[in-house]
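Heads up, the next two complexes both have chain A, just with different partners, chain B and then chain C.
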Partner chain A sequence: MNEHAIELRGLKKSYFPFQLGPLDLTVPRGAIYALIGPNGAGKTTALDLIMGMGRRDAGDIRVFGLDHQRDSVEIKRRAGYVGPELNFQVWGKVGRAVRFVRGFYPDWDDAYCAELMKVFHLTAGDRIASLSFGAKTKLSLLLALSHRPELLLLDEPTTGLDAISKQQVFAELLKAVEPGERTVLISSHGLADIERFADHVALIKEGRLLLHGRMDEVVDRFRLAEFFTADGRGIPFRDGFIVLKQEGNRWQAVLDQQQGIPGWLQSQGAQQLSLTPMTLEDLFIALVREKEAA
Partner chain B sequence: MSPDRKQLMLGPISPAAPGALYQQIVDGFKREISEGRLAPGAPLPSFRLLAEDLLVSVITVKRAYEELEREGIIYRRQGLGTFVADHGLDRSRTAKLNTARDLIRQASREAAEAGLKPSEILHLARQIIQGT
Partner chain C sequence: MKNIVWDHVRRWWWLWLPSCLVYGFIVWSGVPDRSDWTVSFVPIAMYLGIVQLSCDLRRGEVPRVLRTLPVTAKQIGWAWWWASVGLPVVALAGITTLVWCLAPHFNHGPAAAGRPPYIMLFGFFSAYCSHSPVTGTGCFIFWLTNALLFGPLFFFFTGTPVPGIRSGKGRLRGFVCSVLFIVSFFSMMWLYRLFPPHTTRWEVFVAVAALLTIASGFRLETCVQGCLGSLPTRTDQVHAEALVGKMVQGRVESLFQWFPGARHELSNPLKGSGGLRLLFQTIFLPLSGLGLSMLVLSGLLLYYPMTAKDTSGFANIFWSVFSMFLWYASLLVLPRVLLQIRWLRTLPVATVTLAWVLTFAPVAAMLAFMGLGKLIFGIVYPIPQMSFLSMVHQGCLLQIALATLLVPLIIWRGLDALVLALVMGMLLGCSIGTFYLQKHLPLSANAGVSLVLILVSFLLTRLLLDRSSRVYRPRTSPTGSPFGLFQGGSKI
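So, the complex of A and B:
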């Protein structure tokens, strides 16, 4: 069995003036993998291309080791997708939408579907048009999960959900990956949730990968630093050193420990260096702002 | 569902509590083991089951187990699972003792910085322990 759920190699797609890629990304099997980035970074474009919506300009997409064009039927059978534009209103009632989607999947699991209905507080008789925004999102998730796909592609699945609903969704996702074979690729702006629930993270900005890796390693790699310099002394720019604020001889910055910045700073004359751990959200803001300034 | 699932109750795991989530899980296990609620030889839940229970990522649980294994508090048997080590109780207590020593050291430094003399620090400690 292929150990990677998804492999992207040199993936490119442009909608002038936006360009995605070249993007290289490997999503390991059994992981909850988060794709984060500011609005317009290319998250939706990447997810759509993986799901076979739209043609790539260049590069390779492999899902379960299969070619994404030649084996697209096989891939769609084994994958589930939830996107912001899905609309099931034409089916009238929840039960009818379930019966319709069910017909496409030989692996549909009625018992699991019934369980998800309960968890998400949906009933077959609910009119889709009168469901709240959050309940419609839950219906999308239910339809994507019920055939127990090996890969779930979720584009902003928790937008507009209240805190309880969000927790229910993540609990279901953790349950879905529990046997160790299923993979979830999720894009989201809910960074506190993502930090807690995702195993891996990739940060993209303007179609390019800024940072990726295991969540704990990525977050632990950076520190918020405060230090002082002797009068009038500056610190040169360099990779892995992002100045957030400077007032007189007092500095606040983000440091990449992997690039040995704390030691380097001391060699540059930084004094009373104190380091504080960061959250994913702190890191996101620092990295995305830096690239905007540059 | 495995039977070990409901018996285990770690303390609350929250981003609002001090320390990384994985560290909170490590501390939770040490407390369960040092207070005898998890006996030597007792099985631990799988990464994925515990992740689902605590609503944290699998990576977080894996990292906590790696840390506990490194400290010799638990051990892994390929294909069988993870268990509390025979010396888990002693090691958990030793780890707790080391943490307590560090905290007392920190507390006495803070008290000294607040201008207390050693005899006053001891007096304060006695008052706190006796709850007066």
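So, the complex of A and C:
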């Protein structure tokens, strides 16, 4: 059995003026992998390409070791997808939409589907036209989860949901991946939720991978530093040292501990250096801003 | 005011252009002297005038912006009047004059029959057109009748209720205007019979229409204040659209439950087959049902004015305009399925299978609708019936094949301005092509071309699903949300 759920190698796709990649990414089996990045970074494009929506320009996509084009039906049978497309009106009622999707999955779990309907406060007779945005998102999630997929691809699944609905959605997702055999690849802007939910993270910007790894390692790797320099002395720029603010001889910066920046800073004359842990959101803002400034 | 009018023209030029072309084509064809000329009023009056304003008001974006601008209600009202009545009348006058001046130079008239066409465009026209000369009087009467339709339409439209009217008097006025607005659309089909040119009745029509056109100017300010004052917020609009969707769906369901087995399905939406079979049904049933209803309704409306002149020719003409129903029904049904292609593509179904269902379900539905329509017509109308092969020869199969091109077209671009313009071009091409092919293409070639076109639609659909990334981008409709049954929200 292949130990990776998804492997992207040298993946490239370009639309004028945007270019994704070359992107190399490996999502291990059983991982909850978050794909984060600013708007237009290429997250949806990457997820679309994995699901066969559009064709790559170059590179290789393998899901469970299968070729994503040749074995697309087999991959989709084992995967569930929740995306921004919430237009289910054509099916009229929730039950009809469920019936439609169920027809494609021989391993559809009716009992689990009924349970999810109860949790998400949906009934088979509900008219889709009168569902709220949040309820449609829940319907989308229900349709993706009910066949107990091995892989879940979630593109902004909590956008537009209130705090309680978000909690419900994440609780159900966690329940779904509890046995540890299911893999989730999620793209979201809700970084606080992602930090709690995901165990791996990859940050992409302008189609390029900036950072990836285990969530705890990535967050722990960086520190928010405050320090002073004597007599207005400057500090040279280098990789892993991101200046957020400088007022006179007082500095605020993000440091990459893996590159030994704290030690290097002290050698450059930094005084009263204080280091504090960062949240994923702080780190995201610092890294994205640094690239914009560059 | 000028800016508002020009903004309107800039946003709707794509609908103006084909409408003007169609109008020019009708005048060129010498229609004023034909018995069936009044049928051609419908698209011109609908597309050029009030329908565009109606779309703007439905969508709500334009009036919402106008409300914030430093312009008076009177200025907005006159701008709307010019956009819906003034400019179309001027445009039609220009086209009529142009055609009238050009026609003699292209040997249009009895002498043109059998001659090679000068240029391809006019060649098509000559193939279709009657051999009646384009006369100055004919042109004037045609223009005047057409132009005067805009005024009454605008008058009734500005009297229709705006959201928030609570008084009994206001509601009554709104109800009367709504009924007259709807009746005015349908009455256009009967216009020739009701008001034959050069008669007292026609003169009365001209006088009343002129009066209503002038009268519409006096209610502009109140109408604009009503429209802008009670303009719903975006949230209200979403709720209202959902409510309308719910109401329409409820009505359809209450009718649908009379069919055998349907009551059971409606009460148990989870029971029954799903997957591709349900997808096929979702395209097949509404398309054939809607097409059939349109066919029967149009038959009822057209039977009286058309058979009064020529009973035997009714079937011929009727089946020749059959393409319209195919196109309209396809435009109403197909987008609601095709615009969720992104979601369909995430399901475990091979591209070739999905392309097959999306292309051949409409073909099957249209063939069924053609067969059923023929059966119903055979029973209801005492007119000579055509054989199935004659219908194919008349171009019905070719029109079905052309209508299947809507599938890759909508998948490719959604329902944007270009697609709608192309659709109208194809509609025009269909009606011209049908008459042309009837004369020049043998039955076997007609059927062969149709099959090739269906195959091309299938291959294009497959190619787009497989290779294009564009088809999976979010789509919007340029006219708000009228496309697709039960479609809530302007973003489709």
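Note that the second predicted complex is superposed on the first by the 293 of 294 C-alpha atoms of A that agree within 3 Å, B and C clash if a C-alpha of one lies under 4 Å from a C-alpha of the other, contacts with A are read in each partner's own complex, and residues count from 1 in each chain.
Convention: a contact is a pair of C-beta atoms (placed from the backbone, for glycine too) under 8 Å apart; a residue touches a chain by one contact, two chains touch by 3 or more.
Every value quoted in this text rests on a predicted model; they were computed, and no experiment measured them.
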Field: Fit or clash between chain C and chain B when superposed on chain A
entry: fit
Query: Who does A:95 touch here: chain B (first), chain C (second), both, or neither?
result: second
- request: Name the contact category of A:222: first (chain B only), second (chain C only), both, or neither.
  value: neither
Query: Between chain B and chain C, which makes contact with more of the residues in chain A?
result: C
Task: Name the contact category of A:284: first (chain B only), second (chain C only), both, or neither.
output: neither
Message: Let me test your reading of the model: by the given contact rule, A:197 touches which partner, first (chain B), second (chain C), both or neither?
response: first
- prompt: Between chain B (first) and chain C (second), which, if any, makes contact with A:241: first, second, both or neither?
  reply: neither
Message: Going by the contact rule set out at the top, does A:251 touch chain B (first), chain C (second), both, or neither?
response: neither
Chain B versus chain C as contact partner of A:64, first or second or both or neither: neither
Message: Looking at A:175 after the superposition, I want to know if it touches chain B, chain C, both of them or none. Which is it: first, second, both, neither?
response: first
- line: Smallest inter-chain Cα gap (chain B/chain C, superposed on A) in whole Å equals 27
Task: Note which residues of chain B are touching chain A in the complex, please.
output: 15, 20-22, 48-49, 51-52, 55-60, 63
- request: Could you please specify the touching residues of chain A with respect to chain C in the complex?
  value: 13, 15, 45, 48, 51-55, 72-77, 81, 83-85, 87-96, 98-105, 124-125, 127, 129-130
Field: chain A to chain B touching residues, read off their complex
entry: 30-32, 167, 170-171, 174-175, 177-180, 192, 195-200, 214-216, 220, 277, 279
Field: Complex interface listing, chain C residues touching chain A
entry: 242-243, 245-246, 249, 268-279, 282, 336-337, 339-340, 342-343, 345-351, 466-470, 472, 474, 484, 486-488, 492
